[in-house]
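Same chain, two partners: subunit A is paired with subunit B first, then with subunit C.
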Partner chain A sequence: MTVKLRFFARFRELLGTDIIVEPHDGTLLAALVAEVARKNTDGYAAIFDEQGTFREFVILMRNGKRVETAEAGTITVADGDEIAVFPPVAGG
Partner chain B sequence: MLSERELERYKRQILLFGNDGQERLKSSHIFIAGAGGLGSPVAIYLAVAGVGTITVVDMDTVEQSNLNRQILHYDRDIGKKKTVSAIAKLQEYNPDIIINAIDTTITADNIRRLVGQADGIVDAMDNYPVRYLLNRVALEMKVPFFHGAIRGFYGQATTIIPGKTPCLECIFPRAPPKEVFPVVGVTPGVIGTVQATEVIKYLTKQGELLVGRLFIWDGLAATSEEIAIEKNPVCPVCGSGTGTELPAGMMR
Partner chain C sequence: MIRVQAEDVNIGALIEAAKRPGTGAVVLFDGIVRDDDITEMELEAYAEVAVAEMEKIARAATEQFRLLHVDIIHRIGRLRVGDNILIIVVSAGHRPEAYAGSRYIIEEIKKSVPIWKKELTKDGGRWVPGEHGHGAGKL
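Up next is the complex of A and B:
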């Protein structure tokens, strides 16, 4: 199956965007994001804390619908999914 | 009634929304929280569009490092209060409108008094604790809240209509960490003008508002995108069975 990962803002600078991955059946959403993020240490650290859980401000969307990051470890991805990982920006 | 001078000044936009639209702008009061990177273009464009009363709140003094983006303030203003600098420029841009510039920190204690009877609140802040306060007061007063935020070449904006759209805490329940954010002036220029466009559309009842979606601008890639946003049914601020009590202090 094919899943598209889209990073935004700072995450995009560190990890790129529109990354096509081919996960195995049963791959969990959190594991997929972590696997892709691991290619860049700073990118991983921007999204995940030392325990490997999503940082609390990270916004995760699956096919345009919000997914609570706390639940991403129990949701499996499906063929054609588009996953967006987004940090709110704060400056003004 | 619009004066001869106003009819002439706003001639080219009256072509867009008529005398009625222009009268609506004139009789409106918009509250802008912040006179910095976002607040500058928002205030300038609302002033020249003829929004009749504009209140700007900021507690800071103009510093040299502000000048790459905060276009209300000039080199000669370094060391002046931003409110003093802002009121002078805005009044020069448009002497036919009323500008209130208030030099204070927005807190849970003073926010209702500061916002007063404004018809809309523009988010031109640089931190989420005050944004959350503005969001709550906008909900309580049932006035629109025009959100914008930036970092580097990236920006985001959405228009929040109490009772209809997700509120700021539905969209961003937790604030990103504080930082000295990198920024180039064009980014608040883009997002601030999106916010000002929304205010003008709302007041003149034109077009489709940026509601239920988050506009995301990536200046580096020169692309804009939208993310659909939904109400959080258990949002602590606007979800069912919740109050709108403000937190005791400014910090949450």
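Up next is the complex of A and C:
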């Protein structure tokens, strides 16, 4: 299956965006984000703390809908999913 | 009109178009790039989600404040000091609803619409921190 990861703002600068990955069945959302983030030490550290937990301010979306980061370790990704990871919004 | 776009807009034309039957007041909010010792500002959006969220905010404001018309145009890309960032035009039968509706829309945008700003300076750049800890409320 294929899943698209989109990072925004500071996370995009560190990790890139529109990253297509091919996870195996049963891959958890949190694990997928961590795996992609690990390619850049600063990018990983911006999103995850020393225990490997999502930092408090990180926002996750799956197909345009908010997912609580605390639940991302129990949600499996599906073919065609678009996962977005971003810091607090600052528009207006 | 609810849009995220790079182009500027003709505010005068938006105000004219907002004068629907029954209009007694039009309120314009125009957020502008302020000269905070910056050279330019770079704006980035999760555009599909940002538009959907602004449409939701516009519907809620229309219902709550009996607005007759709402336009929200949020610009992205690289902007200079003095450029328009966010234009909100609302019309209503009376000024209390128009003012309150406009205020509601800008405050909700700041809470939940996935858009980010980077201030570019002579020494580099800095991301503007969100005013709300989490942002992008329940979508």
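Here is the rule we use: the second predicted complex is superposed on the first by the 88 of 92 C-alpha atoms of A that agree within 3 Å, B and C clash if a C-alpha of one lies under 4 Å from a C-alpha of the other, contacts with A are read in each partner's own complex, and residues count from 1 in each chain.
Operating definition for what follows: contacts are C-beta pairs under 8 Å (C-beta built on N, C-alpha and C of every residue); 3 or more make two chains touch, one makes a residue touch a chain.
Note that the coordinates shown come from a computational prediction; the quantities given were computed from them, not determined experimentally.
S.K.: Could you check whether subunit B and subunit C clash or fit when both are placed on subunit A?
M.R.: Because the two structures are overlaid on the shared chain, the partners are seen to clash.
S.K.: Per the contact definition in the header, classify A:Ile59: touching subunit B only (first), subunit C only (second), both, or neither.
M.R.: A:Ile59 sits against subunit B and subunit C alike.
S.K.: Kindly classify A:Ala9 by the partners it touches after superposition: subunit B alone (first), subunit C alone (second), both, or neither?
M.R.: Once the two structures are laid over each other on A, A:Ala9 reaches both partners.
S.K.: In the overlay, answer first, second, both or neither for which of subunit B and subunit C A:Pro88 touches.
M.R.: Touch partners of A:Pro88: subunit B and subunit C.
S.K.: Can you give me the overlap between the subunit B contact set and the subunit C contact set on subunit A?
M.R.: 8-10, 12, 56-57, 59, 61, 64-66, 84, 86-92
S.K.: Going by the contact rule at the top, pick out the subunit A residues touching subunit C in the complex.
M.R.: 6, 8-10, 12, 56-57, 59, 61, 64-66, 84, 86-92
S.K.: Please output the residues of subunit C touching subunit A within their complex, sorted ascending.
M.R.: 31, 43-46, 48-50, 52, 74, 85-86, 106, 109-118, 127-139
S.K.: So in the complex, the part of subunit B that touches subunit A is made up of which residues?
M.R.: 34, 36-39, 123-128, 148-152, 154-156, 171-172, 174-179, 181, 183, 188, 216, 218, 220, 225, 227-230, 232
S.K.: Write out the stretch or stretches of subunit A touching subunit B in their complex.
M.R.: 8-10, 12-13, 56-57, 59, 61, 64-66, 84, 86-92
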